[in-house]
Structure formats: structure tokens, C-alpha cells
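Read from first to last, the chains carry the letters A, B, C, D and E; within each, the first residue is number 1.
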Amino acid sequence: MTPTQPIASVTPTIGLGVLHLFGWLPRSTAGDDDAGGGEDRPGAQADAGAAVVQAVKEAEADGVQVVTVSVLGHKADVGFMALGPDLWRLRRLQTDLQSAGLSVGYSYVSLTEVSEYAEGLPDETKRARLYPALPPAGMPAFCFYPMSKRRGEDEGSNWYALPFERRKQLMYGHGAVGRTFAGRILQLITGSTGLDDWEWGVTLFGVHPDDIKECVYRMRFDEASARFAEFGPFVLGMVAPVEAVLRSVLGDD
Amino acid sequence: MTPTQPIASVTPTIGLGVLHLFGWLPRSTAGDDDAGGGEDRPGAQADAGAAVVQAVKEAEADGVQVVTVSVLGHKADVGFMALGPDLWRLRRLQTDLQSAGLSVGYSYVSLTEVSEYAEGLPDETKRARLYPALPPAGMPAFCFYPMSKRRGEDEGSNWYALPFERRKQLMYGHGAVGRTFAGRILQLITGSTGLDDWEWGVTLFGVHPDDIKECVYRMRFDEASARFAEFGPFVLGMVAPVEAVLRSVLGDD
Amino acid sequence: MTPTQPIASVTPTIGLGVLHLFGWLPRSTAGDDDAGGGEDRPGAQADAGAAVVQAVKEAEADGVQVVTVSVLGHKADVGFMALGPDLWRLRRLQTDLQSAGLSVGYSYVSLTEVSEYAEGLPDETKRARLYPALPPAGMPAFCFYPMSKRRGEDEGSNWYALPFERRKQLMYGHGAVGRTFAGRILQLITGSTGLDDWEWGVTLFGVHPDDIKECVYRMRFDEASARFAEFGPFVLGMVAPVEAVLRSVLGDD
Amino acid sequence: MTPTQPIASVTPTIGLGVLHLFGWLPRSTAGDDDAGGGEDRPGAQADAGAAVVQAVKEAEADGVQVVTVSVLGHKADVGFMALGPDLWRLRRLQTDLQSAGLSVGYSYVSLTEVSEYAEGLPDETKRARLYPALPPAGMPAFCFYPMSKRRGEDEGSNWYALPFERRKQLMYGHGAVGRTFAGRILQLITGSTGLDDWEWGVTLFGVHPDDIKECVYRMRFDEASARFAEFGPFVLGMVAPVEAVLRSVLGDD
Amino acid sequence: MTPTQPIASVTPTIGLGVLHLFGWLPRSTAGDDDAGGGEDRPGAQADAGAAVVQAVKEAEADGVQVVTVSVLGHKADVGFMALGPDLWRLRRLQTDLQSAGLSVGYSYVSLTEVSEYAEGLPDETKRARLYPALPPAGMPAFCFYPMSKRRGEDEGSNWYALPFERRKQLMYGHGAVGRTFAGRILQLITGSTGLDDWEWGVTLFGVHPDDIKECVYRMRFDEASARFAEFGPFVLGMVAPVEAVLRSVLGDD
């Protein structure tokens, strides 16, 4: 390919782009010590690890925040939550990770935002939502899930048929439940209507995994959730520096 | 295979065929510098890139419009939105891209159309819907999603049980929301009833990604959406010339 | 395997078995000119093409009708709609196509039928439904989709709770919409209750692709569809002789 | 692995375990006659065939009934319905088939049973349900599908909220429809609540494929189905001896 | 990768983390005795078996309980249910199993818990739920499924809109059904709200497979299930020591 002129950045007018990437890296397996090809060539795992570290460090050097997560279960081995103003730079991180060997199995695209119900909040609170500093210290338990507000056939179960004041009141009650978990849970809600399959992405950081469980369980009884929320898949993991995350999912090689 | 006579074109009586293709290209990865086979043979990536550029240029030379998109997340790396009168020519573009190495993971088939609610619009407006010139300048944020009108069990939530005048009125209100985003968003709605799994394809071009988010979010409160719309998967990306798109998802090789 | 005696045919007591097969053939890609294995060995594409043609010709020689289709999008590259009395012979066609390299990604199993609402029609009409001659001349646009009648929780939206006369009346109105497309659309509805995941398969042949779109769109407002129909995935393509279909999806090799 | 002591059998207290396995075997394809690796090594197909026959014969020698089926369409090439008292022996059959090359793409786990509505039937009838002799002679058309009873939000559409006598009455009417197909259809319903994703597995053997279609279609109007049944995927095929089934899906090699 | 300091454990404040892993191991197949690559290299199976045994033994040595299961059908060949306080240690077990060759196809993440309706139970009962000793002796039949409480559009079918006392009463009735299976079934319900896609994971151990079927079937008529439960996929298998499980799914090699 021939060189072309630089591409102008694609950025939100306010706030940051957010890209959650979940996937797998090439892995050495028990039968790999003989010759012979296949995805799991000996050494591929070490190469992949080094290239992942480099991709993350370069993004961070360009001002992108990258939270790295070791994931439990079949949905992924590793997760990367990247926040930055320019979507091209987030795409470059994805490309670098894929070139490092990452198979992306699940992802989510969203933007930080101040919701329409939070316009009256202090500037500092709004700024923390638009430009959060992640990950929070001392909260290694990590959960991500997307959600939408229900548009039920019955008027009474259609969020988008409610007047603003009623919605604001419901959201306020919902927030009150969340606030009882202050210090145990940090919650970041990013907007994705028109960007991905659900309307919001919810990222939770917790001191303990049962803090996350209890918080989400309690909120489920709140009317805003009980009557109006629909949830996508949940991914659970542990936040750690990228090297530690890689070691936890690839072994000591 | 033996040569056969040319095949007659298959075209809509008015307007253009539209083919959205989303997928992945072969990629060099961190462990690829040694010998050994596999999909990711060294050089395959460069070959693929050149062949993709050629496929796009040949289609354009034949009068097909091709919008190329760098996509974020797991649904695809690259997207191609092609518009042209002959479905065989669109199929040839798909074949050329696949022969270049494209794995098509998601797609959408539709036709440009003037909706039954827009028959009274000026000819120029109708012509812009049937024969749009894409992509619009200065709108690099790209979103595609398909949608249908709800056919709920309850009469009141069944779009297809409403009289024409009521539907027209609802669509007019819906359009009014969209018009407040003039200059920030260009929207193209193409028809796919009987052609693909949803009834319409919606392609949005925006100046900023939050223009897309705000526009779709605002419309969701409009009655035509709140009560009657059902949405398929959303794909988000950035429009750029084909060479730049390839470089963004394959790296500098 | 040792030889065994011939197997008795498995046939419907009236009408024909119908097998729709949609899939992909091995393809030469941009990086294939060097040595090295993988699915896409050079020459594999030409071998596959020749073997597909032979499989189709042999089935036709045995009295099986085979409609060959070039498909747009990710659901398939090629489609085969085969009609014949003996299910074993249809299975042999599938086996021959798979041995030729076809990966079957989607399919549908049904039988031609005269619906219970059409018992009073002239014998010739009934015969055309049980033993159709396909494909119709001059109708290259092709669409297949399966559908079922809704069994909603609410009595009023449960087709199977309606009395026969009411269903017959609804089906008659539905047919009237279809008849306005005579000459532009040929529709074949085959029965699949107990045979595949939906209750009917619908195959449409059209002069133009927008004939298909307009026909299905108009029918959607008919009460039999608006209140009682549920639709599966839609596959769109172009009918052509097998050699032309292969060339369109594999390129000129 | 080191030898261990034999494992005690795991059996139902009455009746038999039933394992439906559907999948694919390795296949020689048009491009396979040259050297080079890949799954489809020449000879692999013949080896697989012989090993499948041996696996089935050994299971039969151990008292397991195995119905072998040639399947139409993309869901599988071959099906095995195995009935025997010990789940470990059914698992060994699955292992032997997988070691023979079978890729299992779909399956179903159930137990033969006498339903709570059939307790008053003659002992011989009950015994035929618990210990059926399969396949029935002269009924080569085969269909399998799972189903559940609806637990609708509305009390009137919730099977599990109905009193026993009402359910018994509905099941009796349902059975009456089935009995009109005596001699044309043999139906075996096996229980899977708590064992697999649906509550029952339904296996139908028919003289002709349209016997199956007509039987399932007629039953769909019965209230027990119309209001309370939910159906999973349908698999259709032809019953034959294992050698004939293999030949039908692999060709004559 | 360079060494880093040890990572602090991530544990629930009370109870244990629970990781269900279901998947497949590399397998020698009928055509594997010749040279040539592919995943199923001869010897790979034996290597995998030994590495799986080692991974399980090391986890047990670190105080993790690991129940090993031979699974029937297409969802998995083997299952591992691991319980331990530190999520990093559960992740290491997953990594060791994957490095041994396990492909994880399905999984579930949850925590042991005492439900809010069981706060008044004796300490010993609560302790048995938080720190169970698994597997129970003499109960080789194994079933796992996840479930949620319904949040229906209609108030009357929305569990989370019911007052606590009503929910407690319903759960008590539900438990009463379960208690009639004492000695035949051991049930462990673990919480996963906010951790995985459903709200609870249910693991059943039974003397016979029809104990499991009858227990789940009976409970389905209980109002707490009939009106308010939604169920995910069911996995059925047999519990045995790891060596016996491996032999049952890989053969004697």
C-alpha cells in the first residue's frame, strides 16, 4: 500500500470514545513441543505477549487509558477497556492487539456522557463522567454488561413513552441505590445508542466480587430496573497490569 | 468451466441495489515471521490489500459507488457499502473482495427507495434518495443498522394494522426529529422487505460520533420509534479512502 | 464399506420433496499462488466447479429439478433448490455437492403441497403447485424465506385457535394481494411443518428485485400477515445456469 | 492414563437413557487427490466409515439400540439415536463415534418415561414406552424435535398453572389426533426436564415424509399444542442400516 | 514477559467463587496414525490427559475443590466445577486446563451465597451453602443450568415487583418441593447477578438421572417456577474421578 496523507481525527464533541475488547491470545498447549505448524507454534505465545504489552504502552503514550482485565470463563481470556478522544487511535490499538495475535470475540463501542437527567449536577461530577481516570485503586473486581431501556408493547412498560420528569425521578431513585455502595463499587455508564446493539454500557469496578453481585442484585428491585431494564451478556474479570493479566491467562510459558 | 454467453443484468425498475459487506482480511501476526503455513502466510496481507484496492477501483470504474469503512470492535474490521443498478455487478464486487481474502461476516441487501409516505416530496428530494452521492463530505462517522416496524400481538402496537394516514403522520413527526440534525447527520434509508431479515437498512453519516448517538437517542422517544420500531445489530466505523481504511485495520505491514 | 442391497425410495404420497441448500465453495485467494496447504489449494476451485456441474447434471438426468442461484451477502455464495420425489436422491445430490467442496451453511427441507384452503381449486392449478416446473423464464430475481403462523398467547393472535372458515377467508384475501403481482412474481409455498424449523418455505421468483420487495411489503399489510405471520431469514440472489452461477461467485479463476 | 477400577453404572430407576447425536464425518472432497494435509486426508473417509460401523456394532452387542439416520440439510449429515440403561455406555458410544471422526453438532439427552397422564394405561402399553424396540419396520421417514409446555405471562397460557385434570383432558385430546395416524406414524416421546434445554424430545417414524408433515400439522390445531406448545429445531432424515447411511452421506468413495 | 510482584487475591467477603467450565480436549481420530499435521497429532491426546490431571491435582493441593464430569452430547465432553476463595486461583486452573488443551465452550461464573430468604436458617445450614463439600458421595448424576426470575411486562409476572414477604413465601413453598427429594438429590444454588448472564446457577447431583428429571419436573409446577422462573441451557453428565472422566471421553488411547 502506498502512503497517504494523515487522516483527520474522528472525535466526539465532548467526552471520550470507549472501546471494550474481549478475546483470546495464541496459547502453547501440552502437545506443542514437537515440530509442526498450526496456530499454536512454540514461541508464538511469548511473541504475542510482548506485542500486546507494546500495543498497550504505545496507546498509553498517546494519551489513551487502557484498563487490562483477566477474564473468567468461555467468553474471553483477556479484556481491554480503552478510552480516548480519537476513534482512529482506538482502532489502531485494536489493530495492534490483533496483529499481536488477539482474536476479538466480543466488544462494545460507546462514548462517555453526562445523561440528560444529570445536567444539574456539579461540574466536577460531570467532568468525572466525561473524563474518568481508570482503573480506580483497590477495586480489582471488574464487570461489564450492556443494557437498554424496555420499549414494551404495553404503554406502562415502555420507558420511551414516559414523560421526562417521571424518567428523571426513576433514575434518581436508581442512583440512590447505587450510592449506598460508595467506596465498594465504582460505576461508569457510557452511552451507545446508535453505536452498538444496546443503549448503554455499564462498567463496574468492585473491591470484592460479591460487592458487584450485591449491588446489581439490589438495583434489580429498583423500579427503573425491575420494570424498564433489559440486560445483555455479563463479563467478569480481575483488573491488573497488562503483564500480570497476560501471565494469568497464558501461564508462565 | 466453459465460457457462456453474457448474463442479462438484474436491476430494480427504479433506484439502485445496495450491498453492505462487513468482514475481515488476512492479517500478519506477531508469530508469522518463520516458515510454515496457515492463513496468515507472510505477504498474504499485502497481497490482500492490493487486491482489495483493485476490486474497489474496478467497481467504481463500472459506475458502482463504494463507501469504505474502518470498523470498531468484533463485528468486522472493514466495511464496504456498494450502490449500483445491477445486482450481478454488486455480486462481482463481493466475489473480487472475497478472492482478495475478505471473509464476509455480516452483510445487508437492500434497494434505494422513495417511501410511500414521501410520494409528495419534490422530485429532487426523491432523486437524492433513489440515486444518492456517497459518502458525504466531512462526515467521517459511520453507522449502519437494520430495523423493522413492530407487528405486536396487541393491535395498538402493530404498525401494519394502522391506517395509512396515521402511519404517514407518525413518519412525518419522526422525520421532523431527524431534520434538527441537518448538517450534522446524513441519513439514508433503504428498503429490504423481502430481501433481507429486516424491513429497512439505515446508514448514518455524522460529523462526530456523538452526533449519531444523540440523533438516534432523540428519535427513540418519537412515537414512531418508541412504540413501533425494532432494531437489529449496529455497526460503527469511520469512512476513509480504501487505502487508509486498509492501513488502519492491517497496520503498516 | 461393503456393498448392500439398494435402499427403497422414501417419497411423499403426493407431490415432491424440496431441498434448499445454501453455502460456499472453496475459493482461490490473493495469497494462494505459492506452495503450501490449507483449504484454498490452487486448482481446488476449478476442481470444485467441475464437480458441482457434474452433480447437478446427474441429478437432472435422474429427473430432479435443480434451480441454481448466485447469492448476495454473508449467508451464502451459492444456492441450490432441488425438487424430486425421492428424499434419498435429494440426499445424494447434497452428498455430491459436499464432495465437490460445498460447505452447506443453511438449508431448508419441505414438500410441495396443496393447502387445505385450496382444495377447491382446478386440478391444473393444484398440479402446478405439486409438480411445478422451475425456474420460470424471465424471472432471475430469487428470494427464499421460511415462515410460520403465530401462536400468540392472546387468543386473538393465535392462528391455530381460529376456525377453518376464518382462516380460509384470511388466506383468500392474502392470495388476492399476491395475484396483483401476476407476471412479475412467481411464488411457490412448500410445507414444512414437522420437517424443518418453520411451517412453510416461500420461494419467490421476480422479474426485478423491487418486484419482490414491493410484493412482500404489500402483503405485510394484509391481515393474514400483519397479525399472524412470523418470518425467518431471507436469502436473496439471482437465478442462472449452474456454470454462470459458479463463475459469478468464484471469478474467472 | 493409569487404569482405574470399573465405574458403577449410572441408570434411571426405570426405563432407558436416550441419546440423540447429529453431526458430520470427515469427507473426501474434489481437491483431495494430491498430497497435503488438512482434515480431509485421502483415506480418512474410509477409515471413519469403518470405525463408525464398529462403534455401532459394539454398542449393539452390549444391548444398546442404535437407530442410524441419513439427515437432509445443514444441521447434520448423520444421526444416531441410542437407547440403553447405562449413561456411561451411551457416553462410550459417543466417544467411539467421535474417535471415528464424528463431529457432533447437535444432540439431545432424555429418558424414556410413562407420563403422569398415562399411569392408567395397560402395562404392555407402558412397557412399550419405557422399553421401545426401534426402529419400527417400514417407517423410514425420521423426524426429531424437542418441545416444552408454555409458561406464558398470562395465566391462561401457562401450562404449569393448570390443574392436573385439565392437563390430562388436554393430553387425551392431543393423543386422539395422534391415534388417527396409527400405522403411518410411530411416535416416541421421551422426557428431558432437567436433562436438556427442552422438556421433551419427540421422535417420529413415518411411512412417508408427508405422513410426518400431516400429523404434526393436524396436531398443531389441537388446543394442547395451539395454546401451550413451544417447539425447538426439527431434524429430518431417512432411517437405514449404518452402512447404507454412511454410503448415502459420504458417497461411494 | 518479565516477573512482577505477586498479585493480591480477589475474594468474596464471605463464601467461595465458583467456576463451571465445559469443553473439549484434543482427540485422536480414526485417520490419525499417519504423519501429517492438524490438531489431532498422535500423542496429543495422552499429553492432554496427563496435563489435565496435573492441573486438577495442583488446584486441589491449593485448597480448590474440583468436581470432574463426563458430559453427554454436543455441548461438551468434559466439565469442571471449581470452588475456591480466590478468583485468580480459579483463573489459574482455567489457564492450566486450557494449556493442557481444553477448549472451553461454555462456562458459568458465580459465588456461593445464603439467599435473603434463608437468613433465619441455622448457622450450620448456612455454612453448608457457603462452604459446601463436593461432590456428594453416591450421587453420580450431574446437572447444571442457570436461571433468572422473570421481570415480565405485566406486574403480576414481575418477580422484582413483588414485596419481600410474598417472595419469601413463594421460595419457602419451592424449597418444600425440593425437600421431598432429600437423599436422592443434592442441590447447590449459587448467585451470579452481575457476574454472568443469568441470576443464579443451579448444580444438581442425583443418585439416578430420573431423580433429576422428576425433581426439576415437579418444581416446575410450583408457583415460584411456573410463574417466575426462566431457564438457560441444561448440561447433563456423570461425576467421576478425573482419570475416569478423561478415559470415558477420550477412549483408552
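In the analysis below, a contact is a pair of C-beta atoms (placed from the backbone, for glycine too) under 8 Å apart; a residue touches a chain by one contact, two chains touch by 3 or more.
Keep in mind that this is a model prediction, so the values were computed, not measured.
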item	value
Lowest number of touching-chain links that must be crossed from chain B to chain D	2
Interface residue overlap between copies chain C and chain D, same or different (over half shared)	different
Angle of the C-alpha superposing rotation, chain A to chain E, to the nearest 5 degrees	70
Rounded Å distance, chain A centre to chain B centre (Cα mean)	26
Between chain D and chain A, distance of the C-alpha-averaged centres to the nearest whole Å	42
In chain E, residues with contacts to at least two other chains	37-38, 50, 153-154
Arrangement of touching chains [line / ring / star / complete / other]	ring
Sites on chain C touched by chain D in the complex	1-2, 4, 7-8, 10-15, 17, 19, 21-23, 26, 37-39, 41, 43-44, 47-48, 50-51, 87-88, 90-92, 94-96, 98-101, 104-109, 111, 113, 151, 153-154, 158, 160-161, 191-197, 199
Chain E-touching residues of chain A, taken from the complex the two chains share	27-31, 34, 36-38, 46, 49-50, 53, 70, 72-75, 77, 140-141, 143, 145, 150, 152-154, 156-157, 204, 208-213, 215-217, 220-221, 223, 225-227, 229, 233-234, 236, 238, 240-241, 243-244, 246-251, 253
